[in-house]
Structures are given as C-alpha cells and as structure tokens.
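Please read through the structure below; I'll follow up with questions.
Every chain is named by a letter (A, B, C, D, E and F) in the order it is written, and numbering of its residues begins at 1.
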Amino acid sequence: MATLGLIEYGDASPEVKAVYDDIMTTRNTDWINNFWKALASDPVTLRRTWESVKQIMAPGALDAVTKEMVYLAISASNQCGYCIASHTAAARKAGMTDAQFAELMAVIGMANETNRLASGYQVEIDERFRT
Amino acid sequence: MATLGLIEYGDASPEVKAVYDDIMTTRNTDWINNFWKALASDPVTLRRTWESVKQIMAPGALDAVTKEMVYLAISASNQCGYCIASHTAAARKAGMTDAQFAELMAVIGMANETNRLASGYQVEIDERFRT
Amino acid sequence: MATLGLIEYGDASPEVKAVYDDIMTTRNTDWINNFWKALASDPVTLRRTWESVKQIMAPGALDAVTKEMVYLAISASNQCGYCIASHTAAARKAGMTDAQFAELMAVIGMANETNRLASGYQVEIDERFRT
Amino acid sequence: MATLGLIEYGDASPEVKAVYDDIMTTRNTDWINNFWKALASDPVTLRRTWESVKQIMAPGALDAVTKEMVYLAISASNQCGYCIASHTAAARKAGMTDAQFAELMAVIGMANETNRLASGYQVEIDERFRT
Amino acid sequence: MATLGLIEYGDASPEVKAVYDDIMTTRNTDWINNFWKALASDPVTLRRTWESVKQIMAPGALDAVTKEMVYLAISASNQCGYCIASHTAAARKAGMTDAQFAELMAVIGMANETNRLASGYQVEIDERFRT
Amino acid sequence: MATLGLIEYGDASPEVKAVYDDIMTTRNTDWINNFWKALASDPVTLRRTWESVKQIMAPGALDAVTKEMVYLAISASNQCGYCIASHTAAARKAGMTDAQFAELMAVIGMANETNRLASGYQVEIDERFRT
C-alpha cells in the first residue's frame, strides 16, 4: 500500500483537485493514476512534480512519443516496476508501436551492456570526444 | 589505461582488422574509437559486440538519431563517462541538435526523479496498467 | 520464497538465537523480520551483518531518525522493495513524521534528477570543490 | 568539457542572469558553480531546476543540513563525481561536521550492502510492513 | 503480464521454434522459461540474445557455475527480481551449493558497500593501480 | 582529493596502525592503498570494514580468485572507477588471467543487458522458479 495512502478525487482538497483537473485536461483522460494520488499527500510536491512533467513532456524539439519512449527507457533501465507499467501505457497512447517497443528494448539492453564493458575495461575517453 | 591495452589497426590480427574495417565502412569514418580497440584483446567479444551494435542501431521502426539519443539517455542515467562522451558525439553525427540534447536531458532527469518517488512512496500499479 | 528459506526462532541454533535475542533487545521489540530469518541460513553473515548494523545505526554524531531516513533514502533510490518497506517502518518508529517523509522523498527525487543532469551535461568539477 | 559549454555571468542573457542572481542571493555567495553554468544553455531547464532545488532544499520539516546530507548520500550511492564534490561542500557549509560525514558514509555503505542481501536472498516483505 | 505477451511453443513460428529447440537442447531441458517467450515477439532480438547468451555462458576460461554465479551477482546487485529467480535456479543446476550462494551474497553485499565508501570519500586511484 | 584526507602509516594512531599492519600481513604486501588511508579518518569504520572484508574474502566455499572476480564484476557494473582499478589488481594477484578477465566482462555485460530486457518486457517469474 502506498506509504501515505492514495487520495481519491472526491476526498481531495481544492488545491489537489486543481492539479487533478489539469492532469485530466492535459492528458485528455478521465482518470488519475495512482502515482499522483500517492503524491497528493504532499500538495507542494504534487504540484511541482506535475508542473515539471507537464513542461518537460510537452512536444518541443522532441515529439511526444520520443519523449515517452525515453522515459520508458530510463524506467526499464532503473527497474522501476510502476514506472515501466505506466510509461509503457503512456508511450503506446502517444503512438509507440509494438515494433518500436521491441527496438527500444534492444537499444536499452545494448547500452546497458556496453556501458559496463567500457567501464570494466577502463577505456579512456578519446581525444576527439573531449572537445 | 585500458586493462588489456588498446590494439591499433597496424597491430591487429586479420580477424580484428576485419571488424575494424566493417566499423569504419558502416559508420563512414576513417578511425576507430578506444572502446573497440580495448575490446580487441578478446576478438570473440569484439565481433559479437560489434555485430549486435550494428544490428540494433540500424534504422528500423526507430530512426538512427532516436536510437542514439536513447543510448545516450541510458549512458547518462548510468553515469558512464566514456559512453556519455562517445554517444553524445554519435547522436550529434546522426543529427541531434543542441535543443534536442537539452530536452533529452530534461526527460532523463525527470524520469530518474519520478522513478524514485514511485518506489519511495510504494505506489501500487494501477489495474489499468496491468492488462 | 526466500532462497534458503526463513529460520524461525523455535528452529534456530543457539548462535542464531543469540543474534535474534540481541536484535529484539536492541530494538525493544518482540519479533524478528524476514530479512534476519533469511540471513540465518548463514550464521556468520547473520552475525557480522547484525553487528555492523547495530554499530552503524546507533546514535552518534547523527541521531537515530536521521540515520534511518538516510537508510530509507538509499533504499528508495536503489528501488529495493523490501528495504523501502522495512526502513519506512523503522524510520517511523524512530520518529519520522509524514511531513518529514514527504520532504525526504522530494530530496531523493531531486538528487536523482540533478545527478543525471550533471553527468549528462558532462559538467567538470569546479576548482573550489577539489580542495 | 561541458557538452553545451559554460555560460559565464558576463555572457548571460537577462533571464539567465536573473536565475544566477537568485542563486547567489539565496545561497549568500558571490559565485556560480559549473552545474548552473552548464544548464544555462537551456534557460527553461535552468529556471525550473533552480526553482525546484530552491523549494525542496529550503528548511521545512527537515533542516538544511539533513537535506544536504541526504543529497550527498544519494550522490555517493549513484557514484556521481560532480555531485559528490558539490554536495560535500554544500553539506559542510550547512554545518556537517567530519564526524557526521563519516557516519553518513557508514550508513550509505551499509544500506547498499543490505539492499543487495535483501534482494539476493529474495526476502518477502513481512505482513507487518505492508499495512 | 509481459508487455507483448508470451509465445508458447505450439503457437510459435518456425524461426522461433528453432530457437526454442536450440535452448532446450543446449540446456538439456524440456521447457522454455518466460524470458524467452516474452522476447519471442521480436524474433530478431530472440535469436541474437540467445546466440549471445549461448556463446558467453559456455564453459571457457571460466567454468559454467562461476559464470552463472557472476550472472546472479549482477542480477542481485541490479535488483532484477526475474533475473535473480531464474539465475539462482540456473546456478544451482550448474552446481552452486547453498554455502557458495551464501558466500556469493556476502561478497555482493560487501562490494556494494565499499563501492560507495570509495566514491563517497572521493578516494583517488593509487598510482600502482593505473599501470 | 579524498574528502577527509589520507592518513599515512607514519602519521597514524596506534589503532589505525594495527589495522594497517593486519592488512599488510593478511595480503602479504608492504603497502596500503588509498581506500584504507581515506577510511582511517574514522577508525571505527576502518576497523569494521577491514574485519568484514577480511572475513568475507577469505577462501571458503568459493576460492579467492572467484571472490575477487565477483567483486570486480559488481564494481564494473556499478561503474566505480576506484574499485574497478583496485579489484582488477587484486583479482590478477589472486590468479585471474587475461582470458578470464575477458570472459568475466562478457558475462557482466550480458547480465546487464538481459536484466533490462526482463524488466522492460515485464516478464513474470515462472512458477518453477518460485519454489
């Protein structure tokens, strides 16, 4: 169970409700996932985290699906079960196909492998990469 | 210094040279970075790793620059100095702009933050995400 | 199920019982949590680990609740489910309030974010920090 | 070298200068460390990150030195060289003594050890910790 | 549930069946564990991953049980639940005793502890280790 | 520079000297590496850490070189530069050949890859692995 519990919409204070409403509007959905309900016990963190996510995940130089796939990549690499589940759903909603998912996983796996080969072999950074 | 040393092209065995040649041809470049020179002490690992990287990083359902940005994202998240340097260079060569780099970093940072909030608050996976 | 099983007090050898007794006395409690029951299959590791934990977690230059919050912070950052659950309980027992928990989580999240921004942007250590 | 370079105060745009000024005022210091100069290439991330750090690190339910020690704990656990250097300095400025530093490191080390024992032994979460 | 589902032998394409057959023959077993059934949705990744695992885990300069214990060590350190469960089984099948498991866990725990002490104390690499 | 400095043998207190002497005797060497000199600012941690390392790394159900290779594996996976350098030296002193090093690195890389594939694909633990 979430450490500080989950705050449902009907039980939320006006400031929490305002964040919930903005989440639902921004994401064009009618529900709130547990992550936000857990953070809602700390309305300051709830608002700051949501505002940051909203700003960072909006399409910009990178489109929405690329951002969601990167988010999923980090979550899979960090082995965060909740985050893998929620960002797989988010990436799919943003347009990720099964084929893209499979290629994404292959890149994540490979990067985690060569990261350790590079450090384990104590490879020095090439001069060309330093400038 | 790399644990088993770096093998330069001129000192390489024919099987290592063959991999080096394929790397330079595939990447349309005339040099080999230290990572491969370090792996070359183990020609079997050199070949297997290169063949895997070549297969995985080729454009498919995801384009080359997206794959390089994901690779960089994992490397930054894992704090692998060599990999960050080399894949920043690779992502730029594949077309990553400074604006894309900056947005990529923002997503990586955010994902690492919320990954810990999700686990620290012990948030349960929503039913909707399980199916 | 724990790889080597859980050893209950009634089934424990005298050397394991001695550790269990010391845990209960030191913590002023009447039960043993699964972590110790799992380690008990290796009495040498059980004793060494408990002696280290006992020594490290005793109040000193840092008080008990600060130490428990740091322990929880590392566990949340490492995404260790068992450790998050047990050290949330321990930190609360040592006096951590819900407000402190929430601020702790915010710091953990922020540190994980900026750790990746620092490495991803390849920021060099300032001269002032080196001395 | 920082990927997008470091922006010095004299070369900064008004919006970047405003953040730099707020950092120096808030921290009661007359210089800016490289982390912020590196982020300054992306003024939106610079501002958001600073506003978050400022809000999170202000004394609240936890005092400033405890927060800085937790920040250092995460950075040491994640092996982020830059962050360890900068937050060791920050924690000391906030009042951390050498004795506190040493105890902090002992807790970090112990937590990282038992995190792996708990997962490696596949220890199940005790019923008492679930509620 | 696995993101792309699990492909059972009876439902597999000829190329997937060929990999499954090779897994069962190489491992001298009559079943396929979920990891491979999950990867089977991407036959290219299934084949490449299996060929790599087969090559890397074959006895060579290191024997099979040592390799399986290292695999388990990394999995425990990374806190990957699936991998800990599957490689504990694999290491036991290769001959790991309970006493070896317990010593392995102790080494993993210790290494994770001193890794953080080394980085947290900002210990410089000795000249003797550099050459 | 090490946060609390390095304590040389000639400047050490009797209790620190006693640990240094035991390290040199146990390892059959005439010098102390920086890790211990850094910990020496906290004699309690110095002694506890050394006693634990001495106990854990002594040959038992696993021989010395296997233990050193596992230590190196964890250090490479965690990307701890100091630890990789020192435990590469220690493993070689214990008898690790270049061929064993290369195979060890290959296993580490592979484990880090499949750890992320298992979590990223959300693979459920097989029933057979649960008992």
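Assume contacts are C-beta pairs under 8 Å (C-beta built on N, C-alpha and C of every residue); 3 or more make two chains touch, one makes a residue touch a chain.
None of these values were measured; they are calculated from a predicted model.
Contacts with chain A and chain D are shared by B, C, E, F. Comparing chain pairs E-F and C-E, the larger number of C-beta contacts belongs to E-F.
Sharing over half of its contact pairs with A-C by residue number, the repeated interface among D-E, A-D or A-E is A-E. Using the mean of the Cα atoms as each chain's centre, the chain most removed from chain E is D.
Here the C-alpha atoms of chain A line up with those of chain E after a rotation of 120°, rounded in steps of 5.
One simple way to say how far apart two chains are is to compare their mean CA positions; for chain D and chain F this gives 27 Å.
With each centre defined as the average position of its C-alpha atoms, the distance from chain A to chain F rounds to 34 Å.
Per-chain Cα centroids separate chain C from chain F by 21 Å. Residues of chain B found to touch two or more other chains are 1, 3-4, 45, 49, 52, 56, 77-81, 85, 88, 102-103, 105-106, 108-110, 112-115, 117, 119-122, 130. Chain F meets chain A in the complex at residues 72, 76-77, 79, 81, 84-85, 88, 104-105, 108-110, 112-117, 119-122. Across the complex, chain A is touched by residues 1-4, 31, 33-35, 38-39, 45, 49, 52-53, 56-57, 60-62, 66-67, 69-71, 73-75, 77-78, 80-83, 85-89, 97, 99-100, 102-104, 106-108, 110-115, 117-126, 128-130 of chain B. Residues 3-4, 41-42, 45, 49, 78-80 of chain E are the ones that touch chain A when the two sit in their complex. In the complex of the two chains, the chain B residues touching chain D come out as 79, 88, 98, 101-103, 105-106, 109.
Note for the complex: chain B touches chain E at residues 1, 44, 48, 52, 55-56, 130-131.
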